[in-house]
Amino acid sequence: MENTFNKIIELDVAMKHFRDGMIIMFGGFGGIGTPPTLIDGILDNGYKDLTLIGNDAGFPHIGIGKVVSQGRAKKMIASHIGSNPVAGQLMTDGRMEVEFSPQGILAERIRAGGVGIPAILSDIGLDNDIVTGNKQTCIMGGKKYLVETALTANISIVFAKKADPYGNLVFDKSARNTNPLVAMAGDMTIAEVEEIVPLGSLDPDEIITPGVFVNYIVPSKGVNWKWAWE
Amino acid sequence: MENTFNKIIELDVAMKHFRDGMIIMFGGFGGIGTPPTLIDGILDNGYKDLTLIGNDAGFPHIGIGKVVSQGRAKKMIASHIGSNPVAGQLMTDGRMEVEFSPQGILAERIRAGGVGIPAILSDIGLDNDIVTGNKQTCIMGGKKYLVETALTANISIVFAKKADPYGNLVFDKSARNTNPLVAMAGDMTIAEVEEIVPLGSLDPDEIITPGVFVNYIVPSKGVNWKWAWE
Amino acid sequence: MGVEIRNRIAKRAAEEIKNGMIVNLGIGIPSLVPNHLPAGTNVMFHAENGITGMGPSPEKGKEDENLCNAGGFPVSIVKGASYCDSTIAFGMIRRGRVDMTILGSLEVSGKGDLANWIVPGKKVPGMGGAMELAQKAKKVIVLMNQTDKYGNPKIVDECTLPLTSARCVNMIITEMAVFQISSHGLTLTDLFTPYSINEVRAKTGCSFTIAENVRVIN
Amino acid sequence: MGVEIRNRIAKRAAEEIKNGMIVNLGIGIPSLVPNHLPAGTNVMFHAENGITGMGPSPEKGKEDENLCNAGGFPVSIVKGASYCDSTIAFGMIRRGRVDMTILGSLEVSGKGDLANWIVPGKKVPGMGGAMELAQKAKKVIVLMNQTDKYGNPKIVDECTLPLTSARCVNMIITEMAVFQISSHGLTLTDLFTPYSINEVRAKTGCSFTIAENVRVIN
């Protein structure tokens, strides 16, 4: 494949962009759509003290769950961790801080970070201490709203079905989920893809994430986990 | 075509949903992507005193420009009207009120209305009277931001390349522009489409606007204007 | 709760689904609801992870590793289905385009307060999408047991557990009865055999009125 | 301004475009810039209406009625192009993914204030996407005449026209010279023949420093 934009790299090269203590945002929802090869790379390279931002904590051996289960995260911003009991235990033991955000609002906060909007106003969970926390409020038209701030990350990792050498991405079915949002929110975005196709072979109407948002493309070694339902 | 969801209707039936004085939001950008058949329907049925919300005022004889040129709008919310001198004249003469919003922020305000977010914070045009107007501000992290409120409409009209009977939409090239946003923001959304295809024949990955947001589908009589560049 | 009773609850819930609706289903009993829809009902099932038009679970061995519901379990899709990102899936909810959500609960108050996401002192799993659905779906139906495992009513005057959302539940279906909740409070509308209204009263933690014509369901 | 001079300005601007950049072009002289890029430069031209990867104008008769730039004029696309909605097109700008915008202006101050959208007392056309581009593109290059039609300098100490955005312009290219703008103010870096620095000074409304090695461009 012609590497016209120098975006196609090997896993070990991609891993050099990571550091201990980084804020990493990950695509995926219930394990599906989280890049397995990049996750294994992070584990194999021993990165730790990470702040993880994404929909959920996956399952103990699926998706971002593996990073959490191995104690590599000092903090997580997610909408739930119920599917990963290890995450719950780490939180209870005070070994991982967890900040909860309502699922749709979390997705919007990630998108806001991705499109350069500083915050959105929200009326979700207004009467709920865990949601409101120390969040700023804003009165508009006599009603109170929460100021839900944008989220960004040092590196975003996403999983796609296909990429061309510019990093234009196409996702597969419900593995799309939060990936197009996460792809925009990273200061650097690395996409793990199942297939790399020549420039010009993706239909421009069908591209979901424009390559503008993608810095690097890493070929996937394939989905390598056992599913929660197995 | 099987009309499983009773969404496919004729132009004259669609027109019965309009009223004088309504807030109408339209897809399109520089005339392209604005539904020509629905626009002609609005003109032929004499609807007036409309509030129009959309990217721009089109050209005098293209897109929403025709509605503006015939004096049917009492107000317009847009990012510019420079391509339609008639609009400028109506504004100068005090016959049409115009509220300007920076283009990308206008698009986000429409999207916010579409996804049920009350407002976004913005730092675009903060030092500009025309942008700030009487808008509320919000201090966050010591910085001032504008509260840019969501926009919705009584009816949204959009233009798509293909629809299935559920109203799932696929757009053509840059005629996509603001259409997917406008499609979400209407209390009722009517899509004018170039082609209606059987349920199940659109690739679910390639659908841009889920039919959830589309109430009615009207077959297009085709693009019938002369282009600005002709 | 036995399979038969769960199915009786699910079947009653299925009656609420009308042609053309967009419906979000929680886990547990709600997932049984589609099995009880009359053939030819055009309903689109919605998932928070970005599916409109979910179909039944695939046969074993035919699961698609990139296609799951919001809980991470394999599903299929129907004709007319589409995929979107999570912001759009929740946009449908917040914009009021999701006609109904059917979910389980720990407690519901007679005013319609919903408490289904957290038990203090136990693990805090996070709210997921429960708050958006409870606050913004056009109709919220709770399917649950009349009492908890200690025999205490789950329909109460005031919820003792932290609320997911206040005054959001429109209907409760238990193994004993069906209740509507409006601004006038709780009303019993249906009774499942063999229960009597007095038996229901004994297991309900708040007062309720009785509809004019109570339907009895076998 | 003659075609030759316009092309000289556009050619100099083209030098600023590096491989791999994402560039947004305004109308007028900026639209000539692509003609002066060395063959094989991998640059993606961005349009606010949702195109990444615009190509040249199509041949007459080959226009596509659903494919235009942000001004409504027909364009083509290159390999690797994609379409998106306007929020994403502006998301690219606000997120800092657009490397450069090249645009015209009515006035620019020595501090980099841009005034290019409104002349008070004349028609108010609206700001379009100018504010987002001026505030958020990583580099803002202005291509314009050294003076207005009355001979008054367009590079001024303080803009007299309402600002599009303050302190946003990084570079000005006129028919006489090229200026960089930094926190230290305005610096002349290039001089177009046959003009002298003194001639440029006479037609500039604010002071500027001279770079160590001024390049002279024929």
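Chains here go by letter, A, B, C and D, matching the order in which they are written, and residues are numbered from 1 within each.
In this text, contacts are C-beta pairs under 8 Å (C-beta built on N, C-alpha and C of every residue); 3 or more make two chains touch, one makes a residue touch a chain.
These numbers were taken from a predicted model, which means no experiment stands behind them.
Distance between Cα centroids is largest for the pairing of chain D with C. One inter-chain figure worth recording: chain B and chain C are separated by 36 Å, centre to centre, where each centre is the mean of the chain's CA atoms. Spacing of chain A relative to chain B, judged by their CA centroids, is 32 angstrom.
The distance from the centre of chain C to the centre of chain D, each centre being the mean of the chain's C-alpha atoms, comes to 57 Å. Shared interface positions of chain C, defined as residues touching 2 or more other chains, are 83-84, 87, 90-91, 93-94, 136.
Counting only residues that touch two or more partner chains, chain B has 108, 115, 117, 123, 171-173, 176, 204-205. Chain pairs that touch one another are A-B, A-C, A-D, B-C, B-D. Taken together, the chain C residues at the contact with chain B in this complex read 20, 22, 42, 44, 46, 52-53, 77, 79-84, 87-88, 90-97, 136. Looking at the complex, you find that chain C touches chain A at residues 47-51, 63-74, 83-87, 89-91, 93-94, 118, 123-129, 131-132, 135-136, 162-166. For chain B in complex with chain D, the touching residues are 29-33, 55-56, 59, 62, 78-83, 85, 88, 91-92, 98, 100, 102-105, 107-108, 111, 123-125, 127-131, 161, 171-181, 208, 223, 227-229.
The residues of chain B lying in touch with chain A in their complex are 108, 112, 115, 117-123, 136, 138, 140, 145, 147, 149, 170-173, 176, 203-206. Of all the residues in chain A, the ones that touch chain D in their complex are 4-6, 114-117, 164-166, 168, 184, 199-200, 202, 204-205, 207, 210-213.
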